[in-house]
Amino acid sequence: MPELLESTRMALLLLITLDPDLWEIIGVSFRVSLIAMLFAIPPALLIALALARLDFPGRWLLISLANTLMAVPTVVVGLILFMLLSRSGPLGEWRLLFTQPAMAIGQWLLAMPLLVAMLHSTLQGIDQRAWETARLHGAGRGAALWRLLGEARFGVLAAIVASFGRIIAEVGSAVMVGGNIEHFTRNITTAIALETLKGEYAQGIALGTVLLLLALILNLLLGMLRGRGQQSLSS
Amino acid sequence: MAEGKNTMTVRLSCRMRAMGGATLLALLALPALAAEEEIVRLATTTSTYNSGLLDELLPEFEADHPYRVQVIAVGTGKALRMGRDGDADLVMTHAPAAEQAFVDAGHGIEPKGVMYNDFVIVGPEDDPAAIQGLVGVTEAFARIADSGALFISRGDDSGTHKKELALWETTGVEPGFDGYRSVGQGMGKTLQMANELEGYTLTDRGTWLAMQDKLDLSLLMQGDERLFNPYQVILVNPERYDDLNAEGARALAEWLVSEEGQQAIDAFRLNGERLFHASAGERVSPKQAVSGNNP
Amino acid sequence: MNDTNMLEITGLSHGFAARPLWTIDQLQWSGQDMVHLRGDNGSGKTTLLRILAGLDMPSQGRVRWRLEQAWLAPPCPGRVIYLHQSPYMFDTSVFDNLGLAARWHGLARSDAQQQARRMLAWCGLEKQGRQRARSLSGGERLRLALARAWLLKPRVLLLDEPTANLDALAIAEVDALVADLSRLGCAVLLSAHHTSLLTDRCRRRWQLVDGILQESVLVASRESERVLR
């Protein structure tokens, strides 16, 4: 037990003294996950809007696909991406394996189905009257769609927050295509997973604390958004 | 009718719950009971485990002894740490200096040399740092650092990593140069990354032999006596923790250095190649040991 | 095909072919008289209004509106506006609900703001301008919806049960606005289950009975009924 207390004390010390190695690792996590989200949100929104507003053949297949892909373990995504990006793989020429872009691609793949599924369900829930009212009041298709997003903004934000929470906390894909390279691709989760093997627990606890705090903040945010979302849907 | 059905469901679910509870109890109780009696926990390095050596040795030991061995395959640093924390009954590692410190601090007792092999440097076939044919490992390390090529370091505090750091120090190069990549992973994964990134790395011969078929890397440097890699087995000091299986640990350690154990180590082959050389009770000269591997 | 007509309905029916909800062979409306669409629950009033607005497609037949010298098939955004029984309030402020419509109408930002302020005054919600539209009462919502629609200067307003769930005071306030609209030349067609101040203002009645639409002209208190078909 004194061991655990000592490690925790050291961990807090690392955090408050802004230990550069520690914050570099945290920086990698945030950079990679934010980039992945940036590239995931626009296509996910388009797909979700199409799924919610248009009736085209294969629509239900796509929705089921998104729901299925949500359940794919992160290591499986990592494995597939690894094989694609490997020197002997079809995309080996890109030389992306064990780089931050590779990690971002992996997280993009993980975020997409979750975003599409959550956005679809929130956009699906918008009152049909909103679309009709906007259109009859002279809004073009684009303007009316934009208004729908405005009506669903809390649900949209909730989907983004939840997806960000999922990808920044995933380790399977990050370790497989990132490789945990110090100063390059070592992020919070790979550091926790692999650096504790060295018997260095303080850093692991410090990073775990960051992740825990982040999860707390994201969940508080989600709770707030959900409340607002329900309020705006019910009235 | 409806009522009867209801009662039945209730009874059924009660029974299921009871069964679930019993299973859970059994699951909880099993390791606790077994740990006191039968289990020997061996913390060792990935090189002995991943090569398949232990899969060959341990069944032979278990056949003649009333113990079951649980292998925890981690880096040397973590293995020693587990020994220190009482999370293992004995350790088998390959980092002489760290092992000495472990024994000196009273964490471990009765260190015994078991076997050895050697480290080699592998890298891309076209060898951009031109280390092939060099005799001195420091020369090779210096060229790698200067060439701008990548060097993939285990970075996991394992025996191999400790050896690598010691070699950089002897070479007089600070690890962390431009091409240095510390990955914090096991030997197999590190070799795979060196393969993908076309970099150099230091590996134990056993893991290299086990993996070379799947890699485009070449063995570029071997034979320097500083690449000698001896393995020791050390009992965790039973005076420090009550619940250690000291008897089982001692039985395993003694079996490893016995005639039978030593023969099994020498007989172990991977892809037709001999990976480890039994050396219990011998004083092996590093010079001889590394050149013995070098046909 | 009389040029004084604003609406022409030909051979219109909705529902299953074997058993349509209603059938209207011929119907014209000049738009001069305010119309009260009447019928029991489930008689298909809402469906008819939605088809006239172009929100639903009829199973059979044709609807066309004569607006600005040309015959048009619905929907006619900005010119024929349908208000749902409980009008949809966008999840913004009262003022922005008006501003949105003004922007969709193609007004520049400053003009849109000015129009929104004018309409806010017209419907008497100046004090609630910054409030969330969804916090308004039923009567206030309807007034805002009327203002939001009137901002576009539509030729026709289709009101679905505007007085349902409103108290007498709210109905009187809405009635004043509708009277104003009508006076300014907006054709109004409203459905209502019960009579009220608002329905009393109507000079013409369309009644859906057993799937047939009967038209009657209401002259003061004397009703002269004429079955169309």
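All chains are identified by letter, namely A, B and C, in their written order; residue positions are counted from 1 within each chain.
Criterion: a residue touches a chain if its C-beta (ideal position, glycine included) is under 8 Å from a C-beta of that chain, and two chains touch if they have at least 3 such contacts.
This is a predicted model, so every value here is computed, not measured.
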| item | value |
| --- | --- |
| Chain of greatest Cα-centre distance to chain B | C |
| Chain occupying the most central position, where position means C-alpha average | A |
| Approximate Å spacing (C-alpha centroids) for the pair chain B, chain C | 81 |
| Inter-centroid spacing, chain C versus chain A (mean Cα positions, whole Å) | 46 |
| Separation of mean Cα positions, chain B and chain A [Å, integer] | 36 |
| Residues of chain B touching chain A in the complex | 74-75, 77-78, 80-81, 85, 155-157, 181-185, 189, 193, 195-198, 216 |
| Of all residues in chain C, those that touch chain A in their complex | 53, 55, 75, 77-78, 80-82, 84, 87-92, 100-101, 103-106, 134, 148-149, 152 |
| Residues of chain A that touch chain B when the two form their complex | 3, 86-87, 97-98, 179-184, 186, 190-191, 194-195, 197-200 |
| Chain A residues within the chain C interface of the complex | 127, 129-130, 132-140, 143, 147, 150-151, 153, 232, 235 |
